[in-house]
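Both of the next two complexes hold chain A, though its partner changes from chain B to chain C.
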Partner chain A sequence: MKSATTASATAPGDVTSFSLGLALPLGVVFAIFFVLPLAQLFYLSLHNDTAATVWGLGQYIKFLSDPFSLAVLGSTLLLGAEVTLACLVLGYPIAWLYQRSGSRVQTLIIMIVLLPLLTSVVVRTFAWIVILGRQGIINSVLQSLGLIGTPLRMIYTQGGLIAALAQVQMPLMVLPLITAIGRIDPNLADASASLGAGSWRTFVKVMLPLSMPGIIAGCTLTYAAAITAFITQSLIGGGQMLFMPMYLYQQASTLQNWPFAAAISIIFLFAVLAIVALFSMLGRRARGYGDAR
Partner chain B sequence: MASVSEAKSLVLDRITHRFASGTMAVSDINLDVKGGEIIALLGPSGCGKTTLLRIIAGFIGQSEGRVIIGNDVVDALPPNRRAVGIVFQNYALFPHLSISENVGYGLAARGVDKATRNKEAQRLLDMVQLGPFGERLPRQLSGGQQQRVALARALAIKPSILLLDEPFAALDKNLRLDMQIEVKRLQRMAGTTTLIVTHDQEEALSMADRVAVLSHGHLEQFGTPSEIYDQPQTLFVNTFVGTANRVTGTVIATDADDVKVALDAGGEIIARAPKPVRASDKVIVCLRPEHLTFVSDDSGFAGEIGMALPLGATVVHEIKAKDGSSIKISQARTGGTPLREAGTPVRVAPLAPGLATVFPQ
Partner chain C sequence: MMLDRRRLLTSALTLGAMHAFPGLSLAQARPLVFATFTGSWEEAHKAVLVPAFRKANADAAIVLDPMLSVDQIAKVNAAKANPPIDVMLHDPGPALVAIGQDLVEPFPADKSAYFKDLIPEAQDAMGPAPFFQVVGLTFNPETVKTPPTSWADLWKPEFKGKVGITNLNSTLGTGWLVEIARMRGGSEANVDEGFKALEELKPNLAAVAANPGALATLFQQGQIDISPGNFNAIQILKARGVPVEFVAPKEGAIAFKTTIHIVKNSPNKELAFKLIEAALSPEVQTALMNPPYLIVPTNTKVAMTGEIAKVLAKDTAELKKKFVFQDWKKINEQRASWIEKFNRDIKI
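And now, the complex of A and B:
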């Protein structure tokens, strides 16, 4: 009796402390290398001068009242939206195809989807420069076919950047979509058809709402990755297009204006958090659908 | 839409289907279903009954043969234009839509406006006794309730044919009987020609006007439940539907449908032969346990009691025959039915000639 009571009293406590103990190493790393620098960044952003001696909200006021800075923020958020949309439109059919293929085609699709993750971002980005450049693959093919006289400008354009970023971020969209579509009971499409719905209606009314959890997850990941993709943004976008990560880098590294760079970081962080929160709010509304067997 | 729908007939004309892998799923199936009938497709798993259902619904295009609903050959029509209602084994309710929206789904696809749709959905939900549940989501209902929703949803489109795929398999036993009665009641009310796919013989025999027994893609027999049970045409039907003792013997004389068989276990019996057999043929004799009785004269064959099993309303005795075969005999239990002890020598014979059936070996 006594031993039983002791066991039941201590056992749950043991389990809890045990798992907390296991999380401790990661927690320490997290605290030292993430929470602490973030706090320092915040501290730094609250100073009006570059030497960080005068307290104030000057950096925030400077950013939020400067049309140029706001335009950089705006174009970054817009770029993320465009890349996310491109990934969704291109990725959904792939995920759809995956769920309707035999196991050998499935393996092939997964390999192709994962391939971008297996090569370095720098290599992939330079490949895009080769493809999109003035004397790149596309231009030389079109010119040799006589379809165009002068080379098209594709590199250093918004369109070229979106194409490159969409390719790089595609796995982040396709993988959650594959999972979500795979969870949908195939009988539902049959049921919809037998009730008289055509394939478009079945897609809009049944498949799309039920794949919403995957769409939300994929969009969140792709968006966050696209707007922070420093290397691809700078190499494909070039000097004429300025996005937040590069803007930040310039302020910190070139101009040595650390407090302003810190303020940009914090503002950027909150802008991204707001978007992610919006996505997860949408996700919560769609969560009921995810339980579909 | 509002016109009174006449119950449509369904004809399967020489339906054959091979899968892409080359496997024969169903072979040369002919079924002639009258308007308003309930038909059961009965068979063990893998017999092709679900393939047949999917062919009728239009999800699979058969390799050969025709599907005729009413007067129309529907082979060229996609599933959404066949007006065939289906209740899936797992119900396949749309999890993101309310019960009312689920029931109204088919009407929405037909362009019926929302007010009419809701009214019709409510009428159907009242009919399946789920009137107050329209606003709930499918997962908030029990299995039996979900099934009634699935049925209401299928009936909402006023289908010419209603297909039920193992509709009661997921329900527990008590609920199953209630739902079988309910489905039969609703089918009578709607008058819809109905096909039930099932592997449960009791379900097939109790619900259907006629039963089609399938095995390995072949139609073994198509007839009323009594015909299936009392006059099985094949060995498969005799052993799959109900229980049957199988003993071996040799034909010694034939006379029209009746044949005289000398059993390997000793003794002679008169049996019915649905397939032609000749004298001195080796045959299998099927004897239903409830068609056997203990006799005190020298008819039938001899054996000794192996085991007595009192199963409530019936008593089953297992008998060891001379040739070592085991035969079960079941009797209704009356006040004085004695349980016989193991080792007691007995003689067993069919209650009447012709209750035994022989099949070529």
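And now, the complex of A and C:
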């Protein structure tokens, strides 16, 4: 009897260890190609000189005590927030529309949402140069309508960059939203309406909280993609708008100052991790919300 | 029992990895690896230099592995004892970095048939310069009716909101800053005047591109009408029908040596030397000078013709008079602080 208990007690344990065993190959790959280089990066960042011979926290002190570097970090995190907000405001109605449409329109919407993913980021970004340029589509339309005399400067501005990044990253926001909104029982909206709530109240009190997991997932993905989008940032933002990826590139590539570049990466990594942690904390609270029905 | 299986799998993977690594690191007879630059460089080298090298060396195996200078340095640095590259190609800044990090073998100049024919500026003991890159003024002839003649023309009020420059990440951007500093009495050791000039240029600036390649896009889109630019990049744009012209400013066009180096500890030193010889030979340099490549030769035996003779220089004597060479050793000393200053001050 006793041995039987032991067997049944170990059985669930066996299941766990077996699944861990299956995860081992990927785990090893991660360990060799992700954890190890990351450790190396951290090791490198703990040196005060370019040749990485003198130990010290000099690079971190240099970054964290320099208002300019902190401003670069701040403007990068802000850029991410602006792009994420733009994606959310523009993407939510599309996801909403998707759930309220017939299957033919749904196919069309999903095609439009996925289409950008089928072309490379470089191509999408160049398209934005053509759209926003002095002789681009927007300027020539506005000029031919007589609304503006001289072309507007849109490329190499913060506004232009946000528009381009929002379009480039939009699928990352819309796809989780479509899934989340699709899981909401449509009867809930009817119930809310029959209990006397207006459509706005229904949206704020019922739909928005229930779609929160999708919002959180979409925001996390969009945010992480927007702040690290080196190509779009440098092609649309130009050479005078400095964000963390370009700052890093400058130090590592042009100046060969690897320890400082490593310190920048680690600081950037932790700043992003903090924001992702914030998102997932909000996500956990939102899940509680959703289950409470 | 489960633990054993897990351990077994781990050991198997470790063994497999260990098996794979010696295979990778074994210095086997591999083809000569030449790290050229990407884009038009790769095209030119594939079409002209490689066939010439193979013809002279009994069809020796050669692989082009195009990448940026910094990547070349990083790759060689990661495996100094058994480098994956035999021949490197560098702009002046990175060349000094590579030499400083002891990644480069001295060029056996006394063995070379062509080294002594190169112009003196190209005769570098750590690796000769087979090509020049030339930076001058580029402009859109459709909107700029009187061609510019001087760097100072960029400050003219008529170019308000029309001027493009690049930041100091590129050789072009940094070299240009030194030149405008020199125009106002500065030098490689002191570019303060250059930064003052940049401050005054702000009303005219339409764009600060992140790299010289982006300038080409800005010309195509009509975003800028005039900028400092690379002679070869302009030829490519022109060939595609973009209205753009190149002039050498009267202060002198900036000439960057592109140097070619034998990598230290290369298993193919002899072939590497032969490839460099081919790159220095008048035959290859003449072929590369002709359209569509238009690469400025450094061998004095090459007679300059065509577009290069028309726009840049007819012979070596004129070339030396019209080109400005910069001291990149001095520039590298302070480049970090200039980049920092540029980051902070140049916002438009």
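By our rule, the second predicted complex is superposed on the first by the 266 of 293 C-alpha atoms of A that agree within 3 Å, B and C clash if a C-alpha of one lies under 4 Å from a C-alpha of the other, contacts with A are read in each partner's own complex, and residues count from 1 in each chain.
Here is the rule we use: a residue touches a chain if its C-beta (ideal position, glycine included) is under 8 Å from a C-beta of that chain, and two chains touch if they have at least 3 such contacts.
What you see is a predicted model, and the numbers here were worked out from it, not measured in a lab.
Partners chain B and chain C fit side by side in the overlay (superposition on chain A). Of the two partner chains placed around the shared chain by superposition, chain B is the only one that A:198 touches, whereas chain C remains out of contact.
In the superposition on chain A, A:28 makes contact with chain C only, while chain B stays out of contact range. Looking at the shared chain after the overlay, A:126 reaches chain C, while chain B stays out of its contact range.
Applying the stated contact rule after C-alpha superposition, one finds that A:250 touches chain C and leaves chain B untouched. By the touch criterion defined above, A:43 lies against neither chain B nor chain C after alignment on the C-alpha atoms of chain A.
In the superposition on chain A, A:55 makes contact with neither chain B nor chain C. Counting the residues of chain A that each partner touches, chain B and chain C differ, and the larger count belongs to C.
In the superposed pair of complexes, A:234 makes contact with chain C only, with no contact to chain B. After the chain A superposition, the centres of chain B and chain C are separated by 150° when viewed from the C-alpha centre of chain A, nearest 10.
When the two structures are aligned on their common chain, the gap between the nearest CA atoms of chain B and chain C comes to 39 Å. No residue of chain A is contacted both by chain B in one complex and by chain C in the other. Residue ranges on chain B touching chain A, taken from their complex, read 57-59, 78-86, 88, 90, 92-96, 105-106, 109-110, 137, 139, 153-154, 156-157. Residue ranges of chain C in contact with chain A, taken from their complex: 2-3, 5-6, 9-10, 13, 17, 68, 70, 73, 97, 161, 165-170, 173, 206-211, 214, 217, 221-223, 335-336, 339-340, 343-344, 346-348. For chain A in complex with chain B, the touching residues are 185, 187-188, 190-198, 201, 205-206, 209-210, 288-289, 291-293.
Per the touch definition, chain A reaches chain C in the complex via residues 14, 17-18, 20-21, 24-25, 28, 32, 68, 126, 129-130, 133-136, 153, 155-156, 234-235, 237-240, 242, 246-247, 249-250, 252-257.
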